[in-house]
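So that you can tell them apart, the chains are marked A, B, C, D and E in the order they are listed, and the count of residues begins at 1 in each.
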Amino acid sequence: ADTIKFGVAGAHSGDLASYGLPSVKAAELVVKKVNANGGILGKQVELLVEDDVCKPEVAGNTATKLVSDGVNVVLGHICSGATKAALGFYKDAGIVVMSPSATTPDLTLSGDYPNFFRTIAHDAVQAQLQVKYATQVLKVKKIAILHDKGDYGKGQAELAQKYFTEAGVEVALFEGVTPGAMDYSAIVTKLSRTKPDLVIWGGYHPEASKIVAQMRKKRMKTAFMGGDGVKDNTFIKVAGKYAEGVYATGPMDISSNPLAIQAKKEHQDAYGSDPGAFFDAAYSATLALLNAIEKAGSTDYDAIVKVLHTDLVDTPLGKIKFDEHGDATGIGFSVYKVENGKFVEQK
Amino acid sequence: MDFDYFMQLFLGGLTRGSIYALIALGYTMVYGIIQLINFAHGEIYMIGAFTGLIVSSVLTMAGMPTLGVVIMAAMAAVIYSSAYGYTMEKIAYKPLRNAPRLSALISAIGMSLFLQNYVLLAQTSDFLPFPSLIPDFDFWEPYAHLISSPELVILATTFVVMMLLTVLIKFTRIGKAMRATSQDKIMAALLGINVDRIISVTFVVGSATAAIGGLLIASHIGQINFYMGFIAGIKAFVAAVLGGIGSIPGAVLGSFVLGWTESFFTGYISSDYEDVFAFIILVVILIFRPSGILGKSETQKV
Amino acid sequence: MLKLRNIQSFYGNIQALKKVSLDVEEGEIITLIGANGAGKSTTLMTLCGIVPARHGTITFEGQDITSMAPEKIVALGISQVPEGRRIFPYLSVTENLNMGSFLRSDTHNIKKDMDHIFELFPILAERRNQPGGTLSGGEQQMLAISRALMSKPKLLLLDEPSLGLAPLITKRIFEIIRRINQESGTTILLVEQNANLALKVANRAYVMETGTITMTDTGKNLLANEDVKKAYLGI
Amino acid sequence: MTANNEIKRSLAASVWFMFLTFPIMVIKVNTVTHTVEWRWANMLWVGIGAFFLSMLWRYLLIKKEMGNNKETSDKPGLVQTITANPRFYIPALVALGVFILVFPHLFSMYQTSIMISALIYVMLGLGLNIVVGLAGLLDLGYVAFFAVGAYSYALLNLTYGITFWVALPLGGLLAGCFGILLGYPVLRLRGDYLAIVTLGFGEIIRLVLENWNEFSHGPSGIANIPKPSLFGLDLTLDQKTIYLFYILVLLVLFTIFVINRLQDSRIGRAWVALKDDEIACQAMGIDKAKTKLRAFALGATWAGMGGVIFAAKTTFINPASFTIWESVIILCTVVLGGMGSILGVISGALLLILLPEYLRDFGQFRMITFGIVLVLMMVFRPGGMIENVRKTYTFKGKMEN
Amino acid sequence: MMKPILEVNNLTMDFGGLRAIDHLNISIQKGEIAALIGPNGAGKTTFFNCVTGIYTPTGGDILIARDGGNKARRINGLKPNVVTKHGLARTFQNIRLFSSMSVLENVMIGCHPVTKTGVLGAILRGPATRAEEKFIAEKSYAILKKIGLEQFVNELAVNLSYGAQRRLEIARAMATDPFLLLLDEPAAGMNPQETRDLDDLIIRIRDEDKISILLIEHDMKLVMSLSDNIHVVDYGKKIAEGTPEEIRNNDVVIKAYLGEEIDA
């Protein structure tokens, strides 16, 4: 029974499974390698994978289950809402949690959860970057903001609205659309009447690709920019030719990072497909967590937290450590543009 | 200019309505015959889309010409959706024919969950790109900003399907048998109607309609995943009820009303409360016409 | 023509028929009388295959139909006016009649038969486009009988055809029964509470009590039978 | 009927399922590498599986039919025997009571915590049972009232610092008022029309919570909702959980008591009558709208109280917890357990909430199993786990001959 | 002369283009047994439906007065449950019993309008509620006894024979404390023996319970032996009114309804 218990929590079934399953795979790959090399502190690492379906009420139970099972550290959760609901339980139990994907600024900035870390930059960073790029490079005067009414999307959109307004850009339209709707022609029609210079999207890529496609089919050429929910290869795959020219902010380009290349290859070897959403962030988080345990020499909460804040670790995202709030340093955002079917980082 | 905007919203609502209608038609047929809210109908539509995608990808890779691919994919989708619909009825609904109606509803919910997760496990949870099966017609290019050629095809298909189904139900022998079966199964049997077969036929026809819908809609929005049927199913169900559940033209009209409501509300007010408004329209209409727009009012004599 | 031998049937776990044997010869009018709940309607439903017979055999024209599907039995030429009328409520009067001829293919005769029906029951002609569900009780009864006639059966099963009919119409119904029996040679199995009229029209009759046939004789003899008089004729 | 025949039919089923699952189980198209993966092994498994399952299926169906026929009315099921005879049910109740009392001390906090979830659903199920099981109104938007309760507590606590114990009745009351408000215009709708309108109301409430940030904090929800306090004592998380567990047990008992009383009353009888025949009911002087509204409001009140507890349990709520899916699950608990039967609804709720939790080890197969269980339960026990045998009022007065 | 307890003036009911009731006038005196007869589709059941609030009449007045006093109350368009509260109760042409309830409970439902326990009362079950429950049960039993169904009290209503079900409907209606009972074809589906019992029962209800009766029936033997007064309608219009003797010999009635000879 002497193992390091590594929890992985997130949506592993249901409609959001595609955001949660890549993290499981990342953790599996890393742990397999670590265990093959003799484990950590002489112990094997044991994965405890628990589904929260991205629902806050389930996340509470998931967290309790992991805590009851004696988990040492947790990778997850995936959705901000579920993360928020679960954090209290981990905090009381003194367990470090690291999310690859929960981007609500509050989670770290509120200071309520010293046990929380993340390997993704929070939404405010992203929004500021979007504003900077839009005003300085694209020189937009008037924008429209759409979101999916969800926890993640609307949060992003609201931050964008705040920063764009501060920057003196007119926000001509701010509306939520229904996720999963079969058709967005009405909102696209409305967009085309508003004539914005840029459409900012807060939300995930499936809706984004539907909206972009419908814009282009209506012969609308307005630029479109999304957040990290859009910067996903599935977006290009799904939106196809309509993806061309779309901007998306996302974690800085790591495709030349040898660790990232290797991780991707491991995934292809093991599962025969390209990795999915948040894979790199999850891979890095797993490395960071395991490294912290190793460096701390135990699974003691304070020791692990201390290492996380101080020790630089080499990951697919680059060399990272965590600032006083728990946000990973050195993993800023960049703006990407789809060119010839690829996200190309814009300098 | 503003008329142009109105027209765009009008046509957009019409397209959205047609999309709902293609699913609502099957819903309403199944409801008509066994008074079951077939929660899993949306999943049949999803399976149609998946089958279409799989077959078309395989054939494309095998080097078949586009037209052939489209035809083969459509046939496969229709055949498989029908087969799933047929099997589903035999497994999950037929044993429950004399059970309380709510039990059948729960069975349908279970079936819906099963089919979703079956596709999730056997295929993927990811969104998959769906090829655009309908090309942009050149002659239509001047009006494409109003309504695109694929949307035009969807509209036309909805119309044709509705007509065919209406003719089927109103004028053919099997249609008469369907109507009789839906009203009194024992009496229908006493008049020489094979009730089991009629119910199966209804599921097959309803599922085939859903498959056509699945293909067209998937090709219109360009993506599919295992979960696409659920929301579509709910919306189509609302549309079918709005129009008067059990009525074929009602399902189409209800879908249009729903489509327009959503479109105009988004266009002139705000899409934030689009669905809220759609449901309010539903409530208001049902308050004034408790059996839906074209529904039959209760004619049970006291 | 029709033979029932030791039929037993159940509703769930309630046994409705304990031991029913009866014979109907071609061209006869047979009446089945009995108190409420004796199992008369169940007998008719069992022989049409709606209620499964758990024991015993039913043969029709020499063919075993005991476990045949209802629609197959009906196709052999049996037609029933069921208890409770079972009019299709959303179909118009004409459509209801058309359903009666569902298995027939002689289109032009169907039209003629329908006109004939409208002659017999003018009120139905007046209501021809009204949904069946909105008809009055008696109108529905007429429609149910007409619908059965539309199928031109060899064997016609009538379950309380006079229920809810005005005296004038009741008389007409019994005339019709006699007439189709004589003119088209239709065999008739009649269940009636109005035992007086029913026994008068019948060649032979069976008396049923709590799921069993207890007596059988010619209609005339039963009319004169003291027990029958007391129990079923109210004399 | 012969075994040979059965095998033939199962073989046919097996072939049919191999055909049916062919594209989805066998072919997997990789759109990145443009390759096709043919998984023929799957087809084999489907074939073999379908063959044996089909045999089993047919066997069970036949058995079910025989069971229907054999079971005589004077031999009630096991459950009925136990619940009807004090000699059996008193010891059973005592044992159950003791078990419940020691439960949180025997098992881990996780077990207690999911038991709390399950008990919340027991409350919801019993509440919905008033609407669906007793009054026969199909309500697909029950979660709306649950949301009203949860948000009542969260918001009142946030703005006015109102505590759990004040919020509990208040949340119930508010939800009840909502029930009347929403019910009034739509109760004349019949059957499935009512179902769809209630579904609409459920969605409206959720969408308003999602969109109206100023009021409800939008989709990001409300966090740090306090758990109930015990005389201002400072409790650990563990103790708080146990405390909440006991509160719920009491509330469930209270619910059972109330429903029992209602069932055997003038009101309860009116509900049953209304379910049987609305027109005859009105002809007996029963006000249809008022009677239905009562059921609706009572059901809503319980959902509201459930919502308050839910908020206290999760300490975080957002609109995503109140989707149609939630209403559907609650409905499933009612029907699966046995509509109208208190014991049935309780077992249904426990099964449906605990099952997915205990199926955690199934991982991805969890939901598919869940779906299969729903279908199988309904096919083989359409009346629910514990079929409701309505206890009719027995005349106890003297029956002179 | 006493004022009528039910007075219907110029009642008209249209269904789309169909006029089912056409300026019909009928009045019922206290203590009378009246019959409403007429061909199928004449509008008899529709008349009941209008009077009991199931349909809102297109035109005309329906007035009731419990004691035949001068204070008549207009009940057009009131809801069925309100009409019942005012003292009109009915049975249905197609039996409409509460199928999942016992015989006793069916009658107990009939007591609904004369009792008043609410939600709170039901939950608390105080002495008043308990007394009321006892009262309901005993009253219902007494009615069943009068109707002759007491041996079936705890039986499910659906398990009764047809004739018994018809009588149970009458019992249920009586439980609402009506002053006028409207019976729609009470003898349909009964054999002659049962019909005779019904005859006695109706007379007893009138004499012992002081409930007046209006019945629709096609069984002429029953109608002729029971009725004080017979109203004949055809195509929604009244074509005759009078004592059984008068009606039996009325040519118009014979032609439209009875046929040449009657077995009575």
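One rule holds for everything that comes next: a contact is a pair of C-beta atoms (placed from the backbone, for glycine too) under 8 Å apart; a residue touches a chain by one contact, two chains touch by 3 or more.
As the structure is a computational prediction, the values presented were derived from the model and not from experiment.
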| item | value |
| --- | --- |
| Shared interface partners, meaning chains that touch chain A and chain D | B |
| Farthest-lying chain, centroid of Cα atoms versus that of chain E | A |
| Centrality ranking, top chain (CA atoms only) | D |
| Chain A and chain B, separation of their C-alpha mean positions in angstrom | 35 |
| Centroid spacing, where centroids are CA-atom means, of chain C and chain E in whole angstrom | 30 |
| Chain D-chain E separation of Cα centroids, rounded to whole Å | 43 |
| Computed distance of Cα centres, chain D from chain C, in Å | 47 |
| Shared interface positions of chain A, touching two or more other chains | 13-14, 17, 149, 176, 237 |
| Residue numbers of chain E (touch at least two other chains) | 45, 54, 92-93 |
| Numbers and ranges of chain B residues touching at least 2 other chains | 117, 120, 124, 128-129, 272, 275, 301-302 |
| Touching residues on chain E, where the partner in the complex is chain D | 52-54, 79-81, 84-85, 89-90, 92, 96-102, 104-105, 108-110, 112-113, 115, 117-119, 121-125, 129, 132-133, 136-138, 141, 150, 153-154, 156, 172-173, 175-176 |
| Of all residues in chain C, those that touch chain E in their complex | 35-37, 84, 123, 127, 130, 134-139, 141-142, 160, 163-171, 193, 195-196, 230-235 |
| Residues of chain A touching chain B in the complex | 13-15, 17-18, 21, 149, 175-178, 180-183, 185-190, 193, 205-206, 209-210, 213, 217-219, 234, 237-240, 242, 276 |
| Residues on chain B engaged by chain D in the complex (per definition of touch) | 31, 35, 37, 47, 50-51, 53-55, 57-58, 61, 76, 80, 83-84, 87, 91-92, 95-96, 99-100, 102-107, 109-124, 128-129, 234, 237-238, 241, 245, 272-273, 275-276, 279-280, 282-283, 286-287, 290-292, 298, 302 |
| Contact set on chain A toward chain D in their complex | 12-14, 17, 49-51, 54-57, 60-61, 64-65, 67-69, 80-81, 84-85, 88-89, 92-93, 104, 106, 112, 149-151, 154-155, 176, 237, 272-274 |
